[in-house]
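Notes follow the structure.
Naming follows writing order (A, B, C and D), and every chain is counted from residue 1.
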Amino acid sequence: MDILDQLGAMKDGKLSRRAFNRSLFALGISTAVVPLSTRRTLAAPEDNPTYFTWGGYDIPELFVPYQEKYGELPNFSTYGATEDALTKLRSGFVAEVSHPCMSDVPVWNSTGLFQQIDTSRLSNWGDVFPDLYSYDYNMADGKPWMVPFSWGLTSMVYREDLVEWEDGESWSLQWDERYAQRLGSLASAGDVWWCAAIRAGIDYKDIGTPESFAKVAEVLRQQRPLIRMYSDDTTTLDQALTSGEIVSSLLWNSSTLYLRAAGVPVRFAKPKEGALAYVCGLMLHKDAPKLDRAYDVLDSLISQPSGEFLLNDYGYGAVNRKSFEKFTDAELDERGLGRDPVTILAANHLSSPQSMEWGAATVAELEMIKSGF
Amino acid sequence: MSGANAGTGAVISARPATAGRLSRLMFRHEVLRGYTMLAPALVIMVLAILLPFVLMIVMSFWDQVGFDFDTTPTLQNYREIAEKPIYSALLLRSLWVSGIATLATVLVCYPMAYFVAFHVHRHKMLWLIIITLPFWTSYLMRIFSWKVILGYEGVINSGLMSIGLIDAPLDFLIYSPGAVTLTLAHTWAAFALLPIYVSLEKIDRSVLEAAADLGDSPLVRFFRITLPLSMPGVIAAVFLMFIPTVGDYVTPTLVGGPDGAMIGNLLQVQFGGVNNWPMGAAIAVVMVLAIAVVGLCFLALTALFRRWAT
Amino acid sequence: MTEPSDPLISIRDVSKRFGTFKAVDGVSLDIRRGEFFSLLGASGSGKTTLLRMLAGFEAVSDGRIVIDGQAMEEVPPHFRPINMVFQNYAIFPHLNVRDNIAYGLRKFRPTPAQREAMVDEMLDLIKLPGYGNRRAHELSGGQRQRVALARALILKPKVLLLDEPLGALDKQLREQMQLELRLLQQKLGITFVLVTHDQEEALTLSDRIAVMSKGAVIQVDTPTGLYERPKNRVIAGFIGNMNFFDATPSSTGSPQVDVQGLGLVAVNGRVRARSDGATTLIAIRPEKLALHSEAPVTGGVAGVVQALQYLGGRHMVHVTLAGRDTPVAVALQGGQADVTLTPAPGQPVWISWKDDAVLVLDAD
Amino acid sequence: MSGRSHSHRPNRGLQAYAALFMVFLYGPILIIPLFSFVDALYVRFPIEALTFRWYGELWRREPVIDALGNSLYVAAIVSVVSTAIGVFAAKAIARNRVPGTGAIVTFMMLPLVVPGIIFAVAILIVLNRMGVALSLYTVMAGHLVVCLPFAIWSLLPRFEGFDPSMEEASGDLGENGWWTFWRVTFPIMAPGIAASLLMTFTVSFDEFIMAFFLSGTQQTLPIFVWGQLRFPSQFPSILALSTLILAASFATVFLSLWIGRIGLPKAATGEIPK
C-alpha cells in the first residue's frame, strides 16, 4: 500500500466540492469572523469531555465511534511533554482523559488525581491485549488505572544510503565518531536517558541506582559532541534526515513512515541490544465532570478504527487486536512492529516506573548535558 | 432676562444646583481624581507585576519536594547556581549573544533610521509603517523563516550551491549562537529602529546648519552633532532590545542547536520537565539582577563616554 | 430686579497654590450683576487662574467664591451657572456648528423643534445664520469665537467668562469684535467677566476693571478711574503713557513736594510726608502737560526738545529738563491752544501743568 | 550629508543601504507565504511544485480553527480591556497633576523591558499559590500586562496633544465627566483608541511566552503552532494559516497606523489653524 497515495486520498478524497467551496470561502472571508460564528455554534464544548494529549492525537480520525454517537468531537487540550501535562493537571486543570505512558502510572497516581477505570463500560475492552495493561502497578482489584492506547519503540531512524554498519544494527551508531555532527536526537529524558541506558548496558531493573545514573550521564556526555541537534520536534529531525544533514537520529518509529512515503531511504533500526519499548495509555481524572462521555472517549480510542489509523498513519502499535487484521506482516515490520505486541515488547526494553525525583533528576542532568556541561 | 431668551427660559431653569458628595470630593481633589483614573492600571500592574515579583523572590528561597514546596527559607538554589558552572555559563552566553545581537541590530538600524529621518521627505509615515510591519508578524514564524534560510537545504546553501560556490551545504549557518544572533537581530530590528529614528527626527535642523556654517564638514558634523544628539535614542534602542532578548528561549531552541542554548531554556525546563519551581524562580531572580547590573554598567559607560567627549 | 450694586459674584480671600507657588494670593472682589468686568494683568499675574476658579476648573486652595448667594467651593463646573468662552474657543472638532451650539442643551431635553429654534436664535444673534453645518476647521478665527459665544450664551448663564477671547484675532477684527461684545453684553444684560492682558481692550469694554499683578488685585476701578487715579506705578505705567517723577516732601505739612527736574510742585496735601523724608513718587500724563514756545506767565519749566515722535493724529514730544536724566513726554493734541510751533529737536521749550494733573502714587 | 541645504541631495550609498535593509527585513517574512504554496511536506529547496491544497486542508482542521478562535477571543478581550484601562491611565497621566507620574509611567512600561519569561513565570507562581486554574483568562491576564504599555504608548501622545479645554468646555457647558467622556473625549480620541485597539490586538494575538506558561486546556494559536512544529503532516497547513494571519496582521497594523495618523493634526489637537 502506498502511503503517499493514501495520505493524498485522505486529503483529496475528503475534499469534496462542498468542502472545496468552503475552503475558498474561508480564504475569502477574514479569518476573524468565520470560526467564531460558525464553529462555536456547531459544537457545544460544554457537553463534551476534554482529552488532554500530545499534539497530534487531537484529530477526528481517532474518534470515529465517538463522532458516530454524538456527531461531535470531544474537546482537546495538548501538551508537548508528559511532565508539563502533569504540572498542569496538578495546578488544578481538570481534563477527563489524559494520556501519559504506562511507566508514569505510579507517579501520576501519587497525585491522587485519577480514578480506576471500570472496564465493563468499555465495549472494546475485550479486544485489548491484556499484556499491555496487566502490570501489577497498574491493576488494583482487577481494575486498571490506565487503559493502554498505543505502544511502540524508540530507536534510531537512519539513512540506508549514508550509514555503513560495521557489525549489524546497533546503538553504537549514535556514538560513532565517523558520523560526528551528523547525528540527531530526540530531546526529552523519557527517550534519551532510557536509550542511553541500553547503550550503557544497564538493566532497567537497576536504572534507578546512583551508579546507573552516573553511568548513563557519562555515556550521554560522550555522545554530546557528536550530536548536531537535539529536538523534540520530529519535523526538524525528519527534515534533517531528508536532506542528509544528519544520517541517523534517535526517533520514534512513526518517522519512518513519513520519510519512506516521501521517498527518503530510511530505515527504523532494530539494534541488537534491543530498542526502548513503551506503552502509553489513558487515565481518567477523579473529578471527571462528564464521566459518561469520558468513557466513550476511552472506548473510541481503543476501538478498531482508531487502532488502524494509528498503525496506518502514525506507525504506532495499536492495542486492539482487530486493528491488526488489515495489515500484512511486511507492513508491520516496516514500522518496526509486529503482530504480537508481547514478543516485540519482550524482545526490547520496556521502560519501568521510577520515582518522580529520579525523573526530575534525569531531566535536569540531560539539560546540563545538552548544554555542554 | 432679555427678549432674546424668551420662550426658552423655562428649559434652562432645570439646571441642577447640587452635586453628589463623591463628585464634589473628586472635584476638590484633582490628585484624587487622577489616581482614580489610574487605579485600574495600577491595580493590574501591582497584581500582575509587583505581587508576582515579590512572590517569585520569596519562592526562590524555597525548595521543591516532590510535588510540594518546602517553604523553610534556604539559600540552596542560589548556592547551586553559584556552584554549578552551567548557570553562570549560560547566563553569560545569553548576555553575550543578546549583547552582540543588540550591537549588530543598532549598527544595522542606525543608518536606516538616519535615512528615513534625513533623506525621506515624502511619505515618511509610510516608510515607518513598512519598516515596523514585520515586527507584528508571528514570532514563531519569523524564527521558522530563518530556519528555512539558514538551513542545510535552505535558501543560502542552495543558492551558493547552485552558483557553484560550494559543493556541500555549509553546516555552520544554522544551530549556532551566530544563527541565534542573526535571528534575534531580524526579529527586533523594527523595535530598535524606532527610538533611534525618533531621536534623529527631533534634532533641530538649524543646529546642523549652524555647524555647517561654522565650518564642519559633513562627516565631522555627524560625529560632533548628529551622533551625540541621537544617543538617547540609541540607548533606548539598546535597552528595548537587549533586555527582552536575554530571556528568549524560543529562538535558541529552534535555531541555536546544542551550543546555542540560553539561560531562558534552562529557566523554562525548571517549570516544565525538571519541575523545580523554586530553582526556576532563583534563576529568574539572578537573571533580572544580571540584566540590571549590565544595564547600569552600560548607562555608566555612556555617561562616562559623554563626559569624556565633551 | 435686584439693585445693580448687589454683588452677583463675591470673591473673598481666594488663594490658589500650585505646590509652593502661589498663583493667586488672597484676592477679594465683588462683581455686580449685569456688569462687564475685566481682569487685567500681564501673563502670570494670576488672572486666568482666578477665572478658572470662577469656572470651576481649578479648586480654590483658600477662601470662598459665592455666586448668586451660593458657595462654589464644592460645585464642579457642570453645576455652575457660569459659562465660558475659551481662549482658543475649544470648538469641538467632531461636531458641526449647530451641534457645537446645542451641546449644552442635552440635559434640558428640549424637543428637536425647541432645540432647532434655540440654535437658530443663537446663529442669528452671532450673525452666522446658514453656518450651522460647517465644521470647526471650516471657520475663521472670528467665526469660531462667535460660535464659542453662542455655545455659552444658549445656556443663559448668569455669568459669561471670556478668557482672552480676542487674543487670536487680527487688530481690525479685534476692534470689531470688541464693539460687538459690548453691544451683546448690553443687549443680554448678562454679567461678563473678561480676562485680558490688553489694557486698551479692558478700557474699551469694561464697566469696571481689576488690575492684577503677582497674584494679587492692585486696584479695582472704572476705566476712567484707573486712568485718572492709578494707585501705583505699575497701574499708572500699565495703562497709557505716563511720566514718573521722584519727589521729596519739601517740609512737614507743606502742600508742595520737591520734584526732580520740575522744582516745587503743589500736590494739594495729598501726600503726607514721611518722617524719614524718603522719596515719594508722582506722575503726570503726557497729555496733561502743556508745551510752550515761550516761558509762560506762571509755573513753566524750561527744557529742550530731544526728539519728536509722530503717533498718528498726535505728536509726542520728548523734552529734556535740567536736573533730570529721563526726558519728559508731552503729548501734543491737535487743537491745543498754546501750540504755536512744530517743535524741532534742540529747540528750547517750556512745559506747564495744572495742579490737578499731578498724581501722587503709592510707592510701588 | 545632513542639514537642510544638503539633505535634498540624494545619497546613493544610503539609498542602496536602505534597499538592502528592506530585503533583510522582508526576505525572511516572505518565506512563509512562499512555502505555504509548495506541494511538499518538508520545507526544502529547490521548490518542485506549487499547490493550494494546504489552504483547503486548513479548513478541515478543527483544532487549528479552535486555536484560532481562542486567540481571537483572547486578543479581542485583551485589546478592549487594555485600551479602556489605557485610556483612563493615559488621561490621568497627561492631564492630572498627579505626583509621581514619572515613576508610574516607568512602572507601567516595565513589561516592555523585562524579559517576558520572567513575568510569565512570576505570574504563574502567583496563580499557582492562589490556586487559580490556568485557562484562557489567565492568558488574558498575562497579555494584559504585555499590552498595557502598548496601549498607553499609543494613547499618551494623543492625550498630550489633545487640548484640555475641549473637556473643560464640555464641563462648562454642563456635562459631567461621564458624558464629557462619551460626547467629547471619546469621539476626538477615536483614532487613537482605534490604533490602540488594533495594536494591542495584534500583540496579544501573536504573543507566545505568556500564553506558553499561562494557558490551560484551550490553547492560543501560537501555542498550537508550537505544538504542531513536530508534526510534518500538519505543518504545511500551519504555513497556510500563518500566511493568512500574516496578511491579516499586515492589513490590521497598516490600518491601525493609518487610522492613528489620520486626523492627528487637526481633529485631535483642536488647534487653531494659523
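Here, a contact is a pair of C-beta atoms (placed from the backbone, for glycine too) under 8 Å apart; a residue touches a chain by one contact, two chains touch by 3 or more.
This is a predicted model, so every value here is computed, not measured.
Visitor: For the chain pairs A-B and A-D, which is connected through the larger number of C-beta pairs in contact?
Guide: Looking at contacts between chains, A-D has the larger number.
Visitor: Farthest from chain A by Cα centre, which chain is it? Let me know.
Guide: C
Visitor: Taking all protein C-alpha atoms shown, work out their mean, then name the chain whose own C-alpha mean is nearest to it.
Guide: D
Visitor: Whole-Å distance, chain A centre to chain D centre, using C-alpha means?
Guide: So the centroids are 36 Å from each other.
Visitor: How many angstrom between the C-alpha centroids of chain B and chain A?
Guide: Going by mean C-alpha positions, chain A sits 38 Å from chain B.
Visitor: How many angstrom lie between the centres of chain A and chain C, each centre taken as the mean Cα position?
Guide: Each chain's C-alpha centroid was found; their separation is 89 Å.
Visitor: Let me have the rounded angstrom distance from the C-alpha centre of chain B over to the C-alpha centre of chain C, please.
Guide: Taking the average C-alpha coordinate of chain B and of chain C, the gap between them is 56 Å.
Visitor: If I count partner chains per residue in chain B, which residues reach a count of at least 2?
Guide: In chain B, the residues touching two or more other chains are 15, 23, 30, 151, 153, 271.
Visitor: Which residues belonging to chain A are in contact with no fewer than two other chains?
Guide: 239, 243
Visitor: Could you list the positions in chain D whose residues touch two or more of the other chains?
Guide: 43-44, 97, 128, 174, 176, 226, 229, 245
Visitor: For a test of understanding, state which residues of chain C touch chain D in their complex under the given definition.
Guide: 18, 55-57, 76-80, 82-84, 86-94, 103-104, 106-107, 136-137, 141, 144, 151-152, 155, 168
Visitor: Which positions of chain B touch chain A when the two form their complex?
Guide: Those in contact with chain A are residues 66-67, 84-86, 89-90, 151-153, 169, 171, 175, 257-259, 261, 265-266, 269, 271-276.
Visitor: Considering the complex alone, what residue numbers of chain B touch chain D?
Guide: My answer: residues 15, 23, 30-31, 33-38, 40-42, 44-45, 48-49, 51-53, 55-56, 59, 108, 111-112, 114-116, 118-119, 121, 125, 128-134, 136-142, 144-146, 148-149, 151, 153-155, 157-158, 162, 186, 189-190, 205, 208-209, 211-212, 218-219, 221-222, 226, 239-240, 243-250, 254, 264, 267-268, 271, 277, 280-281, 284, 287-288, 291.
Visitor: Contact residues on chain D for chain A in the complex?
Guide: So the residues of chain D in touch with chain A come to 40-44, 53, 55-60, 62-63, 65-66, 68-69, 72-73, 127-128, 131-134, 216-219, 224, 226-235, 241, 244-245, 248.
Visitor: So in the complex, which bits of chain A are touching chain B?
Guide: Per the touch definition, chain A meets chain B at residues 81, 83-84, 86-87, 90, 110-111, 181, 188-189, 224, 227-230, 239-240, 243-245, 356-357, 360, 363-364, 367-368, 370-373.
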